[in-house]
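Here subunit A shows up in two complexes: once beside subunit B, once beside subunit C.
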Partner chain A sequence: MIFFDNASTTKADPLCLDIIKKYCFDSYYNPSAQYHNSVEVGNDLKRARQNILRLLNGDGQFVFTSSGTESDNLALLGTPKKKGSRIIVSKAEHPSVMKVANELAQRGFELVLADVDGCGMVDFEKFKPLVTEDTALISVMHVNNETGGINDIKKLVSYAKSVNKRIIFHSDGVQALGKIKTDMAELGVDLYSVSAHKLHSIKGCGGLYVKKGVSVQPVIFGGGQEMGVRSSTENIPAIMCFEAVCNKILPSIDKYSSEINQLKQYIIDSLPQDGSVIKISCQGSPFILSLALRSVRGEVMLHALEKHGIMLATGSACSSSKPAKGWKTEYLPEEYKNGIIRLSFCHENDIPQAEYFINKLNLEYSELIKYAK
Partner chain B sequence: MDKVIIIRVGELFLKGNNKRYFEDTLSRNIRKALDGIKCYLRSARNRFIVENYAERDHGAIIMRLQKIFGIHSVSPAIKIHADLDEISRVAAEISPKAGKFRVSVNKADKTIQKRSMDIAADVGQFMLKNSKDLTVDLFKYDFEVNIDIREDKTAFIFYERLEGAGGLPSGCGGKAMLLLSGGIDSPVAGHKIARRGVQLFAVHYHSFPYTSEKAKQKVIDLAKTVSKYSGDIELSVVPFTEIQYAIREKCPIEFMITLMRRFMMRIAERLAISKGCGALVTGESLGQVASQTMESIIVTNDVVKLPVFRPLIGSDKYEIIEDARNIETYDLSILPYEDCCTVFLPKNPVIKPRLSIVEDMEKLLDIELLVEGAIARTETIICSSY
Partner chain C sequence: MIFFDNASTTKADPLCLDIIKKYCFDSYYNPSAQYHNSVEVGNDLKRARQNILRLLNGDGQFVFTSSGTESDNLALLGTPKKKGSRIIVSKAEHPSVMKVANELAQRGFELVLADVDGCGMVDFEKFKPLVTEDTALISVMHVNNETGGINDIKKLVSYAKSVNKRIIFHSDGVQALGKIKTDMAELGVDLYSVSAHKLHSIKGCGGLYVKKGVSVQPVIFGGGQEMGVRSSTENIPAIMCFEAVCNKILPSIDKYSSEINQLKQYIIDSLPQDGSVIKISCQGSPFILSLALRSVRGEVMLHALEKHGIMLATGSACSSSKPAKGWKTEYLPEEYKNGIIRLSFCHENDIPQAEYFINKLNLEYSELIKYAK
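Then we have the complex of A and B:
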């Protein structure tokens, strides 16, 4: 079995097992309770929060949520905005941002979409005139989930702040955390969303970095957990796992990513030279590689490769039943538009797997092309 | 005082000498549907009674019973010893406390001297005394309290009559093979035929890698949903890609659908015969799509000898959708996965194919080899609802 769909989720690190066991069977106490045992759990939670903040080099707060999607929702819905003010999001945003932005447009905000290139990266020159004095919120993802393209968040933030320093800048960093450098101070963002299960932790945990001085109002009300921003009893086992994998992975990003980059480069170099399969991915995250097949549907190739035990995606798994978004195919020649497949890697993938993939890709392509329309 | 459920049968009384057979089949189907729920089912003169079940299972039993073909209606009832005072007390207790009502008594126990009408009057009096908001109206009533006194001195008291699925018990009307595509129509067609007592088998054509695992799972889920009514469905999943490849290679693309449909009918018939089915069932509705024009149906029907039942042939799409919603297959059917008919779909399919032309085209194909090859690789799945 070859899992090339690590952008959709990842296998949990075995170290999670002991942590889950500890916080489900020994230290299972509610951190909001009054007795000694729960105070200890509360201290563990505080430590995890501070540790993740430190690893992100962030000055502010880190709010634990249930997912990247919830973090994006909290960021867009929870920031105070003047009625009717402008919201800018990039055209390549994940539905967890795009759909919230559409909802805000319904509620009377002025939604403006920033143009992107074929890699999903914001076109800076076209972005500049969109940023106006009355812009309240900008959301641009850090690493594109479909192509791996990396937005120059630092540049976008500093331009936006030069127009109006009160603009809140949010970035969806779900595909960035643990894959590329995620230094909050350097990026200058006000809000930054992350998800644990994309990083070999368990599902059900995400987080939103909130820069010092930035106000976020709750979307979920209740017992006032998470500094009052996100009520719900904290998912301690998942939070502690998240912290542990961050501890393990974030300091060694360079090592991981150079290995993955070799793998990605190997696949790119091994692609057939006849134009039957081309790469879409740009200068971007080594962890994601998008390919386009000439005259063969991506979904068909996905199923054909599944037969050989290879798992990959046609796009973002959250919207895999829908056709490719406009921006992604806009710059592709007609005969490649329906042929997009996405490979996404982790440290468990290696060159022999890549070799096997290339063999099977060529084999299946030569079969499928025979019957292509 | 026990809670029981009375099951009334539908058309079985029409069936004369076969009545016993129909009742036995229905009894078997009820037992099967209530599998996993601890209860006792007994038959009692034109009806069945479910008793000795746990209170928490009451709702589930009713829900399952309402889906079984051959059941006309069900009534939750109270079973007590036939003491007249007790009957009045229970009737007042379980019935609504407001509205217009009447009381009907059916007395099989002739040792009770009092006439049925007088018992009804007594019960009515008692209920009126108990609640100010009740009035008697023998004709325009909101509810009817029924009292059924049996020979063994038990009485059943109930006022609700919940509609059953009607039709005939599944299995007493032979077997048929349903062509199940994953669309809206075929599950509805299957439901309609099953309602006439037919045991359903189903066949689905799967075009891996052009159609996904999810598309296959959707069809399994559809068969499971229909099986809530029809009983278990044996689903044959036939790999269809080789046949589509062969047609694509050798024949004009405009005839793709016509030729595919002929293969589907051939394979369905062979599978049907091997399972002892006497007919094929399709969800075709005249003129709905290119393959469902009269000319197309003539050409696709020509390859089979078994009768083909098309219960939706005269239905409009919106009628079919309404039925699909009622039997809870609609939401599954509209899940957006490719089915094999949309693979290699020509831009301009022939709408009025001619049999002789189609037959000439098929001479280029090794039909026997393709059909047998597909059947040999067919996967069988038993789709069971509960």
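Then we have the complex of A and C:
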């Protein structure tokens, strides 16, 4: 079995098992209770928060949420902003940002979409004139979930702050965490979303980095957990798994990244030279590679490869609704537009898997192309 | 170790372990992906949803969320309602309802609080005149989390619908599920919130029952999961644990309830006759018992009992902020007002534990009262 769909979700790291056992069956206490055992759990929670903040090189707070999507919602909905003010998001945002931005437009904010290239990366020259004095919020993803393209967040933040230093800059870092460097001080972002299950931790945990001095209003109201920003009994087992996985993976990004880059390069170098399969991905995260097949549909290839035990995605697989892929297909020749497949890797993937994939891709392509209209 | 704080959270049932292992390390796939393995996970999700709906005897939908708090937020914020219309909630609601109601008041809705008695139960005669033709939403908890008092939801729903059948009636059933009968058809509610970790499942999962024909708008926007009502990759391990625990516990409520009722009665019957400790709890859930100590502070007793390995709560322990307990202390004599402790049970508690508790309570009380002012 070859799992090349790690951008949609990942297998939990084995180290999660002991943590789950501890916090589900032994130290299962509510950190808000008053007895010693629960206070200890509360201390574990504080340590996890500080630890993740340190690994992100952040100076503010880290709010645990239930998912990357919830983190994006908290960032966009929770940022205090004057009615009617401008909100800029890139055209390539994940639905967890784009749908919230559309909701804000309905609530009376002026939504402006920033143009992107065929890799989903913001066009800086077209971005600049969009940033106005009355812009309240900008949201641009760090790593594109379909192409792996990396936005130059530092440059975008720096420009935005030069226009108006009170602009809040959010970045969706869900596909960046543990894959490329995610240094909050260097990026200069005010808000940054991450998700645990995209990085070999268990589902049910995400987080929002909030820079020192930046204020976020709650989206979910209640008992006042998470510094009043996100009420609900904290999902302690998932938070503790997330901390442990961050401890393991974040300091080893260079190693993993270089290994996976070789794997990605191997696949790119092994693609047929006749143009039947071309790569879409550009300079970016080694962990994502999108390919386009000439005259063969992506989902047909997906099911063909599945018979060989290979799992991958067509567009973005982390959404129930098909994402609008206008920006991605715009630059593709017509006969490739319906043939997009996305491969997304993790540190457990290796070259023999890539080799196997290429063999089966060529085999299936040569079969399927016979039925092409 | 005696855990009498099961209303704040519970130890996960051992059956959760195999389910966690399966869905975190083996079938960890995203149910929105397109290959067979993920479609199978999607089918498991559908089955869990239908199963829980059947166990609740509901005819509509069951939306999985991340917590009871989120479910309450989805119910109150997500119910479509005309600006300025009336919202009624009981004075005894958990912060996960009360804080949302306050937020709605700030957003221009007319918030009306329904009076309750010393057990937190809605006073029906005082409730009736509050329900007006322009009332949009009513939220009254099923079982009170501090006293165990059970509201007559069926009666309240029936009256509200007689005034205006379009009124949406929500009930927070977090302390009711698995403790007393939770039959949606019989209660007649439109929306009903539950939480998994209060019932021996793992943290990170809640749910909102939505009656057929009732519409709920999302609070969290994104990929469109959960019938478009709650975006985020579904927390499959937690959902599957929740289904399994519901399967185990819900059909056995009568048995567990009768056992725990004996335990509760044993404690009540064993309380000293001199008025040093009195019970607050009224007719209600066997699983919650609040006591009031004369001239000894609740938190002092909590820490004294902790030395003997007994864990319990003072007010509600499932919130970071102290709940306003006005309605609960109003009917208490002055010298008991600061002496409230809450015991909350689960099917694993037994009479020997109750016996041990009573011994230690008496022992510590006789010591602590010496220092009473």
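Just so we're on the same page, the second predicted complex is superposed on the first by the 368 of 373 C-alpha atoms of A that agree within 3 Å, B and C clash if a C-alpha of one lies under 4 Å from a C-alpha of the other, contacts with A are read in each partner's own complex, and residues count from 1 in each chain.
Assume a contact is a pair of C-beta atoms (placed from the backbone, for glycine too) under 8 Å apart; a residue touches a chain by one contact, two chains touch by 3 or more.
As the structure is a computational prediction, the values presented were derived from the model and not from experiment.
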Figure out whether A:Ser232 sits in contact with subunit B (first) or subunit C (second), or with both, or with neither. second
The answer to whether subunit B or subunit C touches more of subunit A is C
After superposition on the shared chain, which partner residues are touched by A:Met311: those of subunit B (first), subunit C (second), both, or neither? second
For A:Gln106, using the defined touch cut-off, is the partner it touches subunit B, subunit C, both, or neither? Pick first, second, both or neither. neither
Of the two partner chains, subunit B (first) and subunit C (second), which one does A:Tyr371 touch, if any: first, second, both, or neither? first
Please work out whether A:Gln283 is in contact with subunit B alone, subunit C alone, both, or neither, and reply first, second, both or neither. neither
Of the two partner chains, subunit B (first) and subunit C (second), which one does A:Glu299 touch, if any: first, second, both, or neither? both
Touching A:Gln273 in the superposition: subunit B (first), subunit C (second), both, neither? neither
Give one of first, second, both or neither to describe whether A:Ser32 is in contact with subunit B, with subunit C, with both, or with none. second
In the superposed arrangement, what residues of subunit A touch both subunit B and subunit C? 299, 302-303, 306, 321
Which residues, counting only subunit B, touch subunit A once they are in their complex? 208-213, 244-245, 248-249, 335-338, 344
Listed in rising order, subunit A residues that touch subunit B in their complex are 297, 299-304, 306-307, 321-322, 364, 368, 370-371, 373
Subunit A partner, complex, touching residues on subunit C are 5, 8-12, 14, 16-17, 20-21, 24-25, 28-30, 32-38, 66-70, 72-73, 94-96, 99-100, 102-103, 197, 202-205, 219-225, 228, 231-238, 299, 302-303, 306, 311-314, 317-321
